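Consider the two complexes below, in which subunit A is the common component and subunit B and subunit C are the respective partners.
Coming up: the complex of A and B.
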């Protein structure tokens, strides 16, 4: 009777654990790459090893606690050493570990093989967004959180992909090997998409490598995994994997748009056009620190609205945006924004929120005087 | 207030004290100065324990602020800046202010009593070690009201977030950590000197209770790694205030160097917080199983192996930082190896229970919960050691679940087991058994409700250290927050039990627990201010 009870309980426990292990949103996702599948199976193997050891160890423990209760008149025996037993329980775990290390080593080796990639993408972490650059293709853009501040503050209903949605996802070709080169402009970030089983730190001053070959088209969401300051929770990663032909078409279209933008550098821009463009750039790039109303959050992030020192010295303003301020959180934007964007955002900052200097900084000025070297 | 003071020397020991060469000079100062100037190991032990308890509640309040914000998605109570300060301060206070001083306090009280020594070897140093701590933590807590706020870069304070991008208060944080580090090093020196020099005649190293052994090994770890911490925070100080670039890539420095240095300190540090816990459990389980510890020698060797291995596993905290393949493999293998001596310990505890005569007094309840729940933390540790899988686990709530399992039902439960075990010796009274049982069961339920769902949240993809999260993590966080509040509230019960026990309760004899064998049970309960002024007659157990 007692035996049957034990078997039934064990059966339920096993079914429960298996159910949990396969339930959506309770366990590590299997993912959509060969590597993610291998990692998932390693995870499940080591998990079941732990379960089995746990059942044996805790079983022995609770048996002893139940069987040798003093209240039931148990008398203590006095053995306290047994060399054979001690050797056995040292050697058996060692063998289990060796058995575990073999497949783990194989998987790790394939994760580190970044050779023969079809496409190189540079991933740059910035407080608090990701920048993607398709190397050799002249296509680059930043990817910002698309969830509204109202949703975060509870003033609007939260959407299905709350905090996991961006304005522009990283588009990758399914079925092709993509090498990811990761770095950072400021602090350490970590680029992570669970379905791709890629998590790699983006370290300032260093370039890390990883790779991914996505087997199924789809949208895969992740987040920055390394604490990177105030908005660490608000820099998601979204990868859109598409059929290779669609990817080629998309890339060609982006290249064309980039070429168009480059043409805009040489023409004269009106103040209104610069302001309109600048407001968009400011909203995605600058507002997270300097606030949408330019009030900043001193002492770390100075106010821009009514900042007389800045407004008096136009060149210092441009220098700050182009070259950054070393030793502070202000990054250099010379390589992450194009001349049109730099000119537009400086113009915007010099005219918004009552700053009203009337200055229109032309893209050509930026390109010729500040970026030519 | 008066009732919190240790009891006056009992009659039989007064004569012994008068007989001592410097008996007159050792009469305790009166009033508050008594506590400032005391060189008595028992009083300093009490100071450490009271300090640790205060820090435990302060750090706990910070954790509850975090859990309150994470109760549901969205930002409700605090802004991300303050949230980051709370996670950081919670970690720093709990590690350096609560757990470490608690173990030092237990060592102060119990090491001399367990080895038959009259006091610590260096009593004045002992006083200094303690009084550095209130200074250090006053400075650390004061950063909360400084401009720019308290440290907000996590208790691991990775550069350059903690240097170039840090709030101005970081310099004060560095200073306070320096003070706490000096305190730890001096405390460790004192413990080593005491154990090596002041053992009762006839007590060989392999006769020492395991709590003494584990503390001896821990003290060596402290001396080895606290200077590394001091070095790395000094480099931060120079980067912040003197224009150097140790960790600043723009100046030719290396942010990853910071992590290597930090974790070379940090990994032995986590064993500093668990080895004395092993020791406590290894003395409590035999007492309440009324049977000698199984495999005493292998326990000592396992502890030493864990300590040695702890120096060659640090980069398993850095599997996704961009290490070369060979380094990944090396650190994966060494980390997996730690499971072997740790397993030996668990097997030994369970075999000690086997064919014992077991009773379930409060210290035993906590010790048994330690064995089960620490082992669960050990399992997730084994999973984390698998480097490829760690690419998914790293920096998620799975890691948070892991280290809270080894630190809360691990280290903290062991400390509580130790407190319940030795309270009769300290106060002369048994802790109230009913209340202690309530405290135990509420803590066990609370701790599992808090930390078990974190495994699922982490596997499902929730990163750690975020003030707001995607909707699929909402249910796990709700349960975790409720569990956290239950656990936090049940600790008030612990306070009640301790205070009641100090004030009165069922009187305890010298040997307060039937199966207790070590030397501390040969002195009266409560232990008089001065004990073992003449060395005890120590009889090693027959092998």
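Coming up: the complex of A and C.
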């Protein structure tokens, strides 16, 4: 009777642990790359080794405590050394460690093999967004949080992908090897997507490498995993893996759009067109610090609405946006935004929220006078 | 010599007989143990590198 009870309890414990090991949200995901699968199976092997060791060690301990208790007349045996036992308890862990190291080393080596990639993508962390650049393809964009401010402030119901949604995901071709080159413009960030088994630091001044070959098309979400300042929680990663043919079409279309945008630099823009474009740029890039209504958060982030120095000195305003202000949180946008976006956002800042300079800063002015070097 | 190697190996492994230890401390000199220890540390490193290379294919 007692034996059966013990077996039943053991069975339940095993079933519970097995369930835990595969349950969504409790365990690390299996993921959608060969590497992520390897990592998951390594993790499970080591987990079960730990379980077995735990059961054996604690089992032996509790059994001894119970079986050889003093009230039953057990007496301690006093001896100083027992070479055989000592050799056994040294050799067994050694074998276990070597046994775990062999498959782990093989996986590590394949993780670090970034050679022969079909596509190179530069991933740059910025406070607080990710920028993606398809190297050699003239396609680059920033990927900003798309969750509404109302949801964050608790004024609206949280969506399904709360804080895990962006305006433009990183689009990658499924089945092709993609090399990721990670760096940062300001502080250390970390690009983390659990389903791809990639968590790599983005460090200013360094370029770290990683790679993915995504087996299944789909949307994979992650976050910045290195505390990087106030909006650390608001710079998610979204990767959209699509069929290679769809990717090629997407890339061609993005190239075309970039070329169109380049043409837009030379034409004359109306104040209204600049304002409309500028409002969008402001919302994704500037509003997180200077606030949607331009009120800023002084003293770190000055107000733009009714800022007399800004209204009086147009060139200094442009210089601030293009080159940033060293020693402050204001970054340079000369390489992040294109001339149209820079001109539009400056025009917007000079004419929104009661600012009424009437200035329409032309993209050609930015390109010729501020970015030509 | 063989005695020294065996004692150094035992030290690497972490298990040594008390009688052997006493014998080493009473009769031996320090220098040979240190030299053999350094040499065997180098051998160990080479071994680990070999195993890692083999494992990684």
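Some observations on this one:
Here is the rule we go by: the second predicted complex is superposed on the first by the 347 of 373 C-alpha atoms of A that agree within 3 Å, B and C clash if a C-alpha of one lies under 4 Å from a C-alpha of the other, contacts with A are read in each partner's own complex, and residues count from 1 in each chain.
Methods note: a residue touches a chain if its C-beta (ideal position, glycine included) is under 8 Å from a C-beta of that chain, and two chains touch if they have at least 3 such contacts.
Quick caveat, the model's predicted, so the values are computed rather than measured.
Residue contacts after overlaying the shared chain place A:109 against subunit B and subunit C alike. By the document's definition of touching, both partners, subunit B and subunit C, reach A:90. Once the two complexes are laid over each other on the shared chain, residue contacts for A:65 go to subunit B alone; subunit C is not touched. In the superposition on chain A, A:80 makes contact with both subunit B and subunit C. Counted by residues of subunit A touched, the larger count belongs to B, out of subunit B and subunit C. In the superposition on chain A, A:101 contacts both subunit B and subunit C.
Of the two partner chains, neither subunit B nor subunit C is touched by A:349. In the superposition on chain A, A:187 contacts subunit B only, with no contact to subunit C. Once the two complexes are overlaid on chain A, the subunit A residues touched by subunit B in the first and by subunit C in the second are 80-81, 86, 90, 101, 105, 108-109.
On the subunit B side of its complex with subunit A, the touching residues are 73-76, 80-81, 84, 147-148, 152-154, 158, 160-161, 164-165, 167-168, 249-250, 253-256, 289-298, 320-322, 325, 328-329, 332-333, 336-337, 339-340, 343-344, 346-347, 350-359, 368, 371-372, 375-376, 379, 382-383, 386-389, 391-392, 394-396, 456, 459-461, 463-472. In the complex of the two chains, the subunit A residues touching subunit B come out as 20, 25-29, 35, 38-39, 42-43, 46-47, 50, 53-54, 57-58, 60-61, 64-65, 68-71, 74-82, 85-86, 89-90, 93-94, 97, 100-101, 104-105, 107-109, 111-112, 127, 151-154, 158, 160-164, 186-188, 190, 192, 194, 197-201, 203-206, 208-209, 222-234, 299-300, 326-329.
In the complex of the two chains, the subunit C residues touching subunit A come out as 13-15, 17-18, 51-52, 55-57. Residues of subunit A that touch subunit C in their complex: 80-81, 83, 86-87, 90, 98, 101-103, 105-106, 108-109.
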